[in-house]
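Some structures are shown below for you to check.
Across the two complexes that follow, subunit A remains constant while its partner is subunit B and subsequently subunit C.
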Partner chain A sequence: MVDEGTRKTLSGIPLLQTKAGPRDKELWIQRLKEEYQSLIKYVQNNKEADNDWFRLESNKEGTRWFGKCWYIHDLLKYEFEVEFDIPVTYPHTAPEIALPELDGKTAKMYRGGKICLSDHFKPLWGRNVPKFGLSHAMALGLGPWLAVEVPDLISKGIITYKEKEPEKAT
Partner chain B sequence: MGTLVELQAKIAELEEKLKAAQQFVVKREKIDVMSSEVVDTNPYSRLMALKRMGIVDNYESIRNFTVAVVGVGGVGSVTAEMLTRCGIGRLLLFDYDKVELANMNRLFFQPHQAGISKVEAAAQTLRNINPDVDIQTYNYNITTVDNFQHFMDTISTQSLTGGNVDLLLSCVDNFEARYAINTACNELNQIWIESGVSENAVSGHIQLIIPGETACFACAPPLVVASHIDEKTLKKDGVCAASLPTTMGIIAGLLVQNTLKYLLKFGSTANYLGYSALIDFFPTMKLKPNPSCDDSYCKIRQTEFSSKPKLITDDQKVEEEKPLHEDNNWGISLVDESLPEGDCKEEIATGISLAYALPRQDVDVSPGSASAADGINLDDLMAQMKSI
Partner chain C sequence: MASWEEVKRLAADFQKVQLSSTTQRLSERNCIEIVSWLIDRKLIDLIFTSDGKEYMTSSQLVQDILGELYIRGGRVNYVELSKTIGVDLSHITNHVPEVTRGRKDIYSILGQLIDTSYIIKIAGEINQKLIQQGQINIGDLTIQYDLPADFLQRNVVEKYLGKLIHGEQDKCDPKIFFTESFISRSRAKIRGALMALTKPTVVSVILNQIEVTDKLFFSLFDQLSTYGFLTGRTTSAQYVPNVYSRSQNEWVQNFFKQNGYLEFDALIRLGITDYKGYLKKHFANENVVTLKSSIISFQLIERIEADLEECISSKSFVDLQSSLPNLLDDEDIKIIIDKVVTGQRQRNIVILDNFLISKAFIDIMAKDCEGFLQDKVRDVVKSGSYQQYLTDLQVRTTKSSKCDDEEVKVDKREERRKKAASGKSGGGAQGRETKTKSTKKPTRIKNIQDDSDDYFEKTEKKVVLEVISASDVQKLIESKVEEEGLGEILESIVNYLLQVLNESGLEAAAKLYETTIADQTASRRHTHNDVQNKVNALLGDVRLFEKGLKCFPIEVQTHLYKYLLKTICLDIVNEILNYVASEKGLNVEAEKLTNEQRTKFINDLTPDYKNVLQNLLKTLSNQSVEEFTAAVEICLTECSMILKKIDKKKDKLVISNHKHALLEQLDKCDDSALTLHLASLIIFVTVTQNMLHASGRHVSSILTYLKQYLGADQFSELSSYHDLVTIMLNGGSEAESAKDQLKERMPSIKKIANEFKKSVSDKS
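Then we have the complex of A and B:
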């Protein structure tokens, strides 16, 4: 289920310790700190490996997360907004990561642009409560989803490259 | 623009259409007391006949009950309709979704309702079917922090008696929502029935959860009815979930049947009832709670339950306490081989297996873990993340 490359990525992401959700007041702050530490380390790893692919930030309470992720295909960068809520039952249940702008464009999504994680990710998450955090959800959930779906959506012409700087247009 | 005559003709035509449409809107008046009188105009005569048949002692007591239906989709909408037709006292409907044309392969909703919220569309239809039922709608996602508290407050205060609802029915389609319901019900000591239909549409189940007495949703990994399909052959190209009106209707039927049995106290209520459509197989079993369940309230309820005096109702219960083998001449015992994971292929009852196995809960503090030193400030971390 998990290949060598993923295993290597995983080994570089700090695991979490505190089993606490957003209803656990003090303990949640502790968990949130661990989440941020783990995410910061993961993003740093990605940058070092020249594989930087997302940014995330949260509201003050750490219950709502938003940011960007991008995927490089044929040397072109496709960027998407990411958002999700931390469910009350977190970390027993994984967050439902959504890419709202792709809602309705692929069937591998639930309403509101929530990506389909049931097969490749959720059982893995279930076995690793509470050690897995948001960084793992990104690495094992969203990452593989983008790698499979984005090239497919591009080949079908459902998403097209949007130029950021006009001079790049050919 | 049309001429005056054309416009007048158009008005006449539309008035005609309106009149025809209004003919269908026959409003049934509210009925104060359920009558067993056998006349064509009594909507309750066939239900009240259950008393004469000796099945139910006091059918009209159904009007005192409040049932919460969480998730008004393929299973939940049909469940709500059945309860409405049965004359339930009050229905609380929870869902945050809208009706879509993609829902039309299932029962209940109609194409003209596309775009309306599911709870609102359902309430309109249901009030029309039976105005005696008090229907309350809650259009939000119960798993978010803000809504969850409101959800808990609602199911613990909005029954006809002002307390916990008499039964909560989970008709949701995802693990997160089930887990949220489980958390709420364990905290509130709320009895509920979980229901589900598999993503391949050919199996389903219902499970009665009495906090502390039967296994809660967090006690074990989700159970699946053996599908008789090799998982590897399951191609999900292009679709996340399949659904059939048949399977959903059957599960809704089983769910409401057991709801009626539970509320009106007839027959025996199923603890776990599975359904495998491919071979028409209905496994049943009783699930005991897990003493080391992850949910702290589940453990509290288990302690409460074990301290309560119990009524032994059948012989089976006595038998369960006996050791499997009376004599053990050879001193055979089970040895813990410390498998890293349990085997999920192991069947727990005929035809039922776990969706996945949980690892053994060893306390491992791995060196690479994010140890949040107390000195670190959350705001600093947030700022650091932002500035990367």
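Then we have the complex of A and C:
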């Protein structure tokens, strides 16, 4: 289903309990709280493993998320904008993560830069409603997508390294 | 909205977490990067493990290898090393030289590392095994330990031989080691086997039985060769125990000594296949005679010679079959016979089958047949078959001498005939043959040869004349031969005798023939005369008899005529017929012919003879002597004979001769009836001075005629005697007594006849 590393990562992310979408007022707050807690844990885990690979923030309601993600290839860091909305039917429907920069550059992408997730993702998500949250979507969806697509795109010369380094390394 | 607050706080926390710097930890990825950078720069020398997750230094690897070698008990495979240490095989192989460098106790062999402890261990094992098995082969060890033979040989066994491994190396085969006890055990085994064997045995069989390898067997055999010898140095060779050869020799010697002969078959049965060499070796000093299937001692030959001498001197025979060992076949016996029967003996001995028969013995037998042979010879000569034989013989010789001349003639005729025949058949191979001369000639010559050959064969066959037949001889000598116990070679004796007898028979026949031929040629020359004389004499007799018979009354005369014609006249006819037959070259005995045969014979003759003879024959059945004499005359002229003139002066002489002949007959006679007959005839002749030819039936009429001349007592004596004779001849109850009386009175009758003669002669 998923590779050893992903599984290990997945096990480090706390599962969610509340089943609520953005329309569910009180419960959504509860859900959002759990989402944050999960994300915090996930990021903490990543940092500990020296594997930090994204920044995320949301609007006040927590329905729209945006930030950036990066991938290090041949000691070079490739960075991309990332954004997505929480669907109305969330958490039954997984969020559609999009990388607008790469729109039209790869076949594994829908209109608007929404990434095509692996065949396994949807059933896996469906089975794990409401336990999976945003952190899972990132770990199971975007992470592996980047690991596969970025080196490919680099080798094809579609994306090139942009000289600009924020913090990182040291 | 406490919860929203909470969310806000959490969002802030999240941002804080995201912004906090990542722990300053060298991640695995970085480590790899650093190490590979260092390796690239050749700053450190590291070895990757096979899973790629670990590095190790060379010295660590060497250490690991040594450790592993120790753990594994001194022997380890590179592949296993690479697996357990987790390093690529190439690293192992690269580092093995490092491991072995400076370590003489570690060997690298066949992708394995082996140290001294292991070698010591297997040396111990090998020693154990050697003690157990007694013998060990490097080859077997190679399989067991999966190590090269060289290594085992040099570094294990030879190195520890005498230290850890207690044994000896085979001198002939350095790959084999054995213990002293094993050797002695094997030797004991072999010795046991060799001693136990009493007959030749194939080495491989022995080896199977005692489970000793052939090499060992052969190397140990030399020490044990006192028990026997080997025919070869291979497993298919035979071991011949001395016991066996000794007993074989003993048997052979004893057998020969006892029996005086030795059969090759027997030797082969004993296992001496090269009997010739064997005999040459063992009987070189003996005086032996070699035959086809055996040898026999000279003593035996001498014995036979002695037998032979005795046989010659005792005029008997020797049966070689019985005096020689019975296994000798005919050929062998022939060889012996050739050896024994030489020179002087050959002349005194006849060899028949396996019997040696002294000539004297055969002669005795031949003598037995002599009488019969003489008879036969006479028969042969008489019957004319000898003559036939002679002529055949002559024909053949003349033919053969003439052959050369005749052949050509015959040939030409034949050829012509052939030509005609082939001409008729026309075409084909034959036709061509007649055209080509070259092919014709050889065939012609061949024909000649064939023809002449055939001819000779035929004549040669014909020329053999058997005077005496085998069955005759057999009959003659059978009893004698059987008596002597020679029944089984009766036939050969017969055959031998037959030849001898036939030869002597032929000789005798020749002699006899010469004498008879002298007679016969003379007679043949004089037959004519002879017959003429005889017929003349007979005719004279007839005339005289006729004269005498005229003294009787007419009715008696006719009877007497008839009798005369049937007897003496018939003789004359027969005489003439015989002559005619011999003239015609026919073999006929007229005396034996019946009337019918006679007429038939005459009818078969040529007309000139036929007519006259038929006439003559007719006169016989008439009663007239005159007619007969006339017919005879005609016949004789036909046979160009002359009838002599009647010489009356001679009559008296003839009559007295006749009378004397009758008297002589009377003297010898002891038949009562004949006595009376002769007596009456004699008295008649003396009385009438005429001859009388009459049968016994006419005695009574003769007596009545004589009554006038006889004294009364003489006549009564004769007539009463006559009565008695008739009584006797008629048979009946008184015949016996009459016979006795006749016997008593016979002398008196004879006396009357004789005295009557005297009285008459006195008177005259």
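Observations on the model:
What we mean here is this: the second predicted complex is superposed on the first by the 162 of 170 C-alpha atoms of A that agree within 3 Å, B and C clash if a C-alpha of one lies under 4 Å from a C-alpha of the other, contacts with A are read in each partner's own complex, and residues count from 1 in each chain.
One rule holds in what follows: a residue touches a chain if its C-beta (ideal position, glycine included) is under 8 Å from a C-beta of that chain, and two chains touch if they have at least 3 such contacts.
Since we're looking at a predicted model, the values are computed, not measured.
Because the two structures share subunit A, they can be overlaid on it, and in that overlay subunit B clashes with subunit C.
Once the two structures are overlaid, the count of subunit A residues touched is higher for B than for its counterpart among subunit B and subunit C.
Legend: residue contacts after superposition of the two complexes on their common chain; A:26 is shown touching subunit C, with no touch to subunit B.
Shared-chain residue A:11: touches subunit B; no touch with subunit C. By the touch criterion defined above, A:48 lies against subunit C but remains apart from subunit B after alignment on the C-alpha atoms of chain A.
In the superposed model, A:101 makes contact with neither subunit B nor subunit C.
In the superposition on chain A, A:86 contacts subunit B only, with no contact to subunit C. When both complexes are overlaid on chain A, the residue A:63 reaches subunit B alone and has no touch with subunit C.
Clashing C-alpha atoms with subunit C after superposition occur in a single stretch of subunit B, namely 379-387 (options considered: 109-117, 289-297, 343-351 or 379-387). According to the touch criterion, the shared surface of subunit A, contacted by subunit B in one complex and subunit C in the other, consists of residues 29-30, 32-33, 36-37, 39-40, 43-44, 47, 55-58. Subunit B meets subunit A in the complex at residues 97, 141, 143-145, 148, 174-176, 179-180, 182-183, 199, 218, 221, 236, 238-240, 294, 341, 355-359, 365-366, 368-372, 376, 378, 381-382, 384-386, 388. The touching residues of subunit A, when paired with subunit C in their complex, are 26, 29-30, 32-33, 36-37, 39-40, 43-44, 46-52, 55-58, 62, 75, 167, 170. Subunit A meets subunit B in the complex at residues 11, 14-18, 22-23, 29-30, 32-41, 43-44, 47, 55-58, 61, 63, 85-89, 92-94, 96, 107-111, 116, 118-119, 122-123, 126-129, 131, 133. Those residues of subunit C lying in contact with subunit A across their complex are 3-4, 6-7, 10-11, 13-15, 17-18, 20-25, 27, 29-30, 33.
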